[in-house]
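Scroll down for the structure; my scribbles are underneath it.
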Amino acid sequence: MSIDITIKIGGEAGQGIQTVGQLLALTCREAGLYVFGINDFESRIRGGHSFFQLRISDQQVRAPHHVVNLLVALDERTVDLHRRQVSPDGMIIVNKKELCDSPNMLAISFDDLAAQAGDPITANTVAAGCVLAILHAPFDLFHQVLTNLFSGKKQSSLDVNLKAGRLGYDAAGDRRCSAALPWSAALQKKPLIEGSQAIAYGALAGDCRFAAFYPMSPATGIMIHLAACQNDFPLIVEQAEDEIAAANMIIGASFAGVRSMTATSGGGFCLMTEAIGLAGITETPCVFINAQRPGPATGLATRTAQADLHMVIRAGQDDFPRFVFAPGSPEQAYAVTSQALSLAEKYQVPAIVLVDQFFNDSLYTLEKAFLIPNTIERFVLDHASINNPAEYKRYVFTDSGISPRALPCQGTALVKYSGNEHLENGHTSEAPEIRTGMVDKRARKLIGMRSEMQGPEPYYADAETLLLCWGSTHGVVREAVKMLRQDGINVGSLHFCDLWPFPEEKVAPLLSGEKRLIVVEQNSTAQFAQLLRQQTGISVHGAVLKYNGRPLYPYEIVNALKEKEYSHA
Amino acid sequence: MSIDITIKIGGEAGQGIQTVGQLLALTCREAGLYVFGINDFESRIRGGHSFFQLRISDQQVRAPHHVVNLLVALDERTVDLHRRQVSPDGMIIVNKKELCDSPNMLAISFDDLAAQAGDPITANTVAAGCVLAILHAPFDLFHQVLTNLFSGKKQSSLDVNLKAGRLGYDAAGDRRCSAALPWSAALQKKPLIEGSQAIAYGALAGDCRFAAFYPMSPATGIMIHLAACQNDFPLIVEQAEDEIAAANMIIGASFAGVRSMTATSGGGFCLMTEAIGLAGITETPCVFINAQRPGPATGLATRTAQADLHMVIRAGQDDFPRFVFAPGSPEQAYAVTSQALSLAEKYQVPAIVLVDQFFNDSLYTLEKAFLIPNTIERFVLDHASINNPAEYKRYVFTDSGISPRALPCQGTALVKYSGNEHLENGHTSEAPEIRTGMVDKRARKLIGMRSEMQGPEPYYADAETLLLCWGSTHGVVREAVKMLRQDGINVGSLHFCDLWPFPEEKVAPLLSGEKRLIVVEQNSTAQFAQLLRQQTGISVHGAVLKYNGRPLYPYEIVNALKEKEYSHA
Amino acid sequence: MPDIKDYESLVEIKWCPGCGNFSILAAMKKALCNLGLAPHEVLIISGIGQAAKTPHYLACNLFHGLHGRALPIATGAKIANHNLTIIVNSGDGDCYGEGGNHFINAIRRNIDLTLLVHNNKVYGLTKGQASPTSDLNMVTRAQPHGVMLEPFNPLAVALALGCGFVARGYAGKPDHLASLIEHGVRHRGFSLIDILQPCVSFNHINTYPWYNERVYELERSGHDPSDFNAAWEQARKWGERIPIGLFYREDKPTLTDRLHALRHGPLVDQQYVPERLASLFSSL
Amino acid sequence: MPDIKDYESLVEIKWCPGCGNFSILAAMKKALCNLGLAPHEVLIISGIGQAAKTPHYLACNLFHGLHGRALPIATGAKIANHNLTIIVNSGDGDCYGEGGNHFINAIRRNIDLTLLVHNNKVYGLTKGQASPTSDLNMVTRAQPHGVMLEPFNPLAVALALGCGFVARGYAGKPDHLASLIEHGVRHRGFSLIDILQPCVSFNHINTYPWYNERVYELERSGHDPSDFNAAWEQARKWGERIPIGLFYREDKPTLTDRLHALRHGPLVDQQYVPERLASLFSSL
């Protein structure tokens, strides 16, 4: 990696840390640079401590870095908490002179300069301008970013912000950080996107038309992004009275014919589990996004975890087919969300997508815009094609387990769904042979479903040691593999996105031979290792587990591997 | 087994089938005989078809038998549905002459005789009298049963019932079934109990003082049995507005100092899962009974299943310690429910007891009355013993993971519980090291908890083939083993009651060597086999699975083993 | 014009003989015929309970869901296709107990459907526990010391929530009930029809004779359903005299009237247009 | 007599500067002192939200549970030990949204506790989505076309449910609020105090100035809290003039008064007596 700079902006909630980060990221976008940003904040609205950490590079970056090149401290606490991470040649910008106690520090009063610019609210623009100067960025690029941002707004807003940016830029004087980034206006700007946004857009690409939700961190962002699209798409986003209502609403909407989904976190997901079973037995397609955070109960509301894997696979009483996916990048999240809507409809089952706070609240540069499907293949039976409407049976027994699904009130065939065990026609039945028949019919779908599942994504998969990971840690583990290999350690990785039905046949061959298998997970019990043994009988040799609510860093994996500091799973 | 008679009484819901069965069972009790009764009924109040099937023996019986010696048909449908199960030397009593079409049938109009006795409501007494005559029972015993039953009630009620019983008894004429039971008044009567009752009484023996519930088959019976005890025990049974409320109420009650529990079935359990996590992170002891029925969603409300094993182990987001038990007999259910209350308190964790419709609604003869604890060991910190109340910390870090638990408002120490991740003192904390510390503290309890777990109960455990079962099928599998061994097949069984934390060390040794392992389960995916492989890496060789909602019969296992008609798990 | 026969279902009815549900079923069929709706034009959604079995017993499209959750299912269905004519059959336990929160919020949404609550003041299907509407002190096997909770008054609560169609029917007056249902379906907005329904198996207090002695029709007592205060006063009556009929009626915008995306027609009928995504992505 | 200082907590307060919650906290402390209760005699139970953080900010026993579920936790605790003095701190989302069904049923149970709903008419902790009490048409990032649901009127609903203590406080009048809390705690039975609470971060409609212009104290306007009809009329007022104070008060038996087993004292204090089991088993 030729250039790799990490900027951390810390301060109290409400100080606009994210705005600074956003301005920097947009300027990088202007220059065709890659960024990766993580958001760290407490469960409060004002005060406390939070930070935004932006990594900038001329190559794709998909993991946070633990060494900070430039620390922007909007308060004293930020200095105390983070100065140790600043690299020897790094810099610290503080907003008060009094805080300066070493030569690598630069004091700039963002507030004073903002006032000078004409509006105290522009302090963040001041800060961004200052950082950009230190990063060797030409002011032009920032000028362009601000112009874009305020296009369509009052000219005076733009003017005051340009002034503020300039003041900040100039305030840096000749202080520059060591590494120079290749700043020049890019011909093609690469899209910038948040994890939660990638999911929202994936939903649109999957023709989701109805989303119901109850606010819950870190899932809310997905719905906020979707809600903003209601003017331009055939889409309704409804805030429900609780998660139970949200789950049942999407089932109702799907029954009536539109693709639908919800998003929540663990506690809300718990409340949806009965409805997931309802989707299972009524064979109603729908998508549940579970954005994980540490639990149980309220746990750590604004922190990250990967600890709901087994819960989502087992949610709801009794057995019924479902999909579970855990994407590892915004591209995969976009594709998988769209695919989940489609596969749910094709197999008439619930599909669950597992993400987490780390993924949802991170900022990514995309190599290129997401692919847009030209058409949507619907898996719905047209009433016109029903020969004998009076004989239509919603749950007719088929070899594939999939029964042609007509929509209610779209023709003369009567469409009957039931959450009780039922006959082919949808009426309740307690007959033992019907019960067995219907369980088997539903289970038969698993054959087709399993064939849709991708095996894990290999990366130096023939290495001696394989790191097994799933979900959001994809980029982090890859980077750790790269670092380890640079140090001559023969390691590779497998990233699992398609988790249920577990694609045993595609997994087992990759794990055979004399390999050392180590899972990397953000939970305390190595949940994936348990799943792997359950499904294949294969035991792993170790586990790198982090479960303090904070994102995993590549160096942590590297250290654990080098020091053999991993627990035996 | 010297004597083994099965009587099936069938008819519509509301016809009093269970009353007939109850009278017969009580008469057997009078004679010191053993019974085992199963209840089969639809999800309706009147009409349809239901039956009660009573097996009578001079030895302990704990499984239903598939051959019927005496069929009592209160309606025509019963004859149609069940006549094929009647043994060649068996008999069928019908209530209408027109239904008689073979020599083994006897028509007696219970209604006419009841009217003759003076009250149409006594038709069930007539039927019982008739059956008892056919079974060679002396009328005295029945006389005694009725006298006991109506003691304290109006003399006229007793009189008319005695008359009805006599009329039924005499109506049998000289028709007798082939096998004579050893009828003589027993010196010591063995207790008769329903499965759900054993749980309720176990709760009392565990000093449960508060139970909250929302009605749901097949769990309601437990609460009805408990509710009836409210006059004589320090006990309150509260019907909640929903399962969420029930689960949270028991947590509140336990927090305030009384042992508490709830009972529900799968759908209701789903709604409780968030609260189970709350119990987990707040370290509040409480007991959740999940009486399983086929699902998902409403499924088959009045039928049986064992398909919630993984769900209950994984319910609630993230990892936290919990107990899961699945008793196999009323004795074990009594002991385990009581123990669950105690262990939950000792380790300050939620405990889950898995039963099912088959178990809850069956009637058992006990060898002897349940053991009654003399005292209850409480695991609660007395405020008087707190040296420095101002410094009391609810979640103090300890080696065992267990922090001394004081009750609120019982002294000057302030008691603070939180469902957010917290400091030792119970106040919210987002600090990463606190998070890891608290997860680890809670996880440390698993060491003690695992040591409390019993390994499986072996039965000819050194046999070549081992049947592995859990929960309510204990007696059924045992009987199958006996039958197979009588046929010279070298088979044994292991019954698992203590399922989580899974007692790996106690299990693995029993399964080593060249054994053929076959699970016997009432679900469609061999859930226990999955759990076993997950925890031990051991794969089973086959699975006998029944999931049509009906109880398992020993002969079904025998046939499956002989015909090798089991699925490869 | 559809005929009652068109609404026949071949499914065996699993209610007890004499149950009040039979006349509710008959009233529904009659109302639907009077409304000129054919079975395939009707969608009936229910929760779980005896009441919730209703949609199986007449010809219609149906969704028989979870205990307590009929209203959210119906809300989702109506948003997806606001041309649907939706009736919800629920029980007092289903709707006011497990589903209490959805009852509140379906009214707040003014989602356009007709809710029939078969209010037998008991949990029928689970064998006779108290329901939210059970009388104080009613003894059951689950409440051996009698009910200790103040009964839930659905009409008063609905009025407090701003419901635009608040009515009470009685299974003992099926023609009156049929006419209420007809009006309820015609009403644009959320229509609550709480139906006094004797349960012959478990409720031995609120029986047919008990009600027959007490009920009176608001339509015959000069009640003005546009008068909110009068409605409130009537809604609080219970005991010696029990009013049935339309308590209150008011037109307000429904949720689906308000939703912007539905201005272009039902969601289910709209088109997927890839260009919209392209223009969205161009802003990234 | 305890002092305000006794109620000090060392925990850092995580509310926004200027938040209405600060005066609610102050009013609580004042009321508790006036009641002569020491911190260890008080149990505060809360759900999840900004409001629900309250118990950490004063000295007390506390249970900080799940979003929406404070009332069932409190109900269980009160049944287990009916000597407890319980206050519940909840938000409008916590109590009227996620917890709507428990709100209904805690009132029906008349469980003896004091419920303080910090009603900021918004979901504060989750960053400003509409709550059940948000005004119609209020625009948020989750409701870009404005709120489309009729606002939930907690006082009217409580009255419709037969609540025996119905009050509204205002964070801008902390002394008045303290006195309401004091009366609420003294009241034997379920006491609802809905508190108008400005949220400076997310609710830019219902601000301090907005309320200051509108609120008036019922105590100063000749309102008789024993007059149900007058209470109902006041409860339905909202807009130009907003009443605060005690709307309605009525004594009724509480749940714990009614429960038989509590006649022998709090459940938590009773004895385990093995003989009772023996006599139970003898009947088998």
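For reference, chains read A, B, C and D in written order, and residue numbers begin at 1 within each chain.
Everything below uses one rule, namely that contacts are C-beta pairs under 8 Å (C-beta built on N, C-alpha and C of every residue); 3 or more make two chains touch, one makes a residue touch a chain.
Computed from a predicted model, the values in this text were never measured in an experiment.
Of all the chains, the one whose CA centre sits at the greatest distance from that of chain C is A.
When the interfaces A-D and B-D are ranked by how many C-beta pairs touch across them, B-D comes first.
With centres set at the average Cα position, the gap from chain A to chain D is 37 Å. If you average the Cα atoms of chain B and of chain D, the two centres end up 41 Å apart.
Chain C and chain D have centres, each the mean of its CA atoms, that are 31 Å apart.
The distance from the centre of chain A to the centre of chain B, with each centre set as the mean of the Cα atoms, comes to 44 Å. Among the residues of chain A, those in touch with two or more other chains are 42-43, 230-231, 241-242, 244, 267, 274, 278, 282, 297-298, 301, 419-420. Multi-chain contact residues of chain C, defined as those touching 2 or more other chains: 48, 65-66, 100-101, 104-105, 132, 145, 259-260. Contacts from chain D toward chain C in the complex involve residues 100-101, 104-105, 107-110, 132, 145, 148-153, 156-157, 159-162, 232, 252, 255, 258-260. Of all the residues in chain A, the ones that touch chain C in their complex are 191-193, 201, 204-205, 207, 209-210, 212, 229-236, 238, 240-242, 244-258, 260, 274-275, 278, 282, 366, 369-370, 372-376, 407-409, 411-420, 426-428. On the side of chain A, the complex with chain D involves touching residues 14, 42-48, 214-217, 220, 223-224, 227-228, 230-231, 237, 239, 241-242, 267, 297-298, 301.
Listing the residues of chain C that touch chain A in their complex gives 11, 38-43, 45, 48, 53, 55-56, 59-66, 69, 71-81, 83-85, 101-102, 104-105, 259-262, 264, 267-268, 270-272, 274, 276-282, 284. Put simply, chain A touches chain B in their complex at residues 42-43, 244, 265-267, 269-271, 273-274, 276-278, 280-282, 292, 294-303, 305, 307-308, 310-311, 313-320, 419-421, 430, 432-433, 435-436, 439-440, 443, 523-525, 527, 530-531, 533-534, 537, 539, 547-550.
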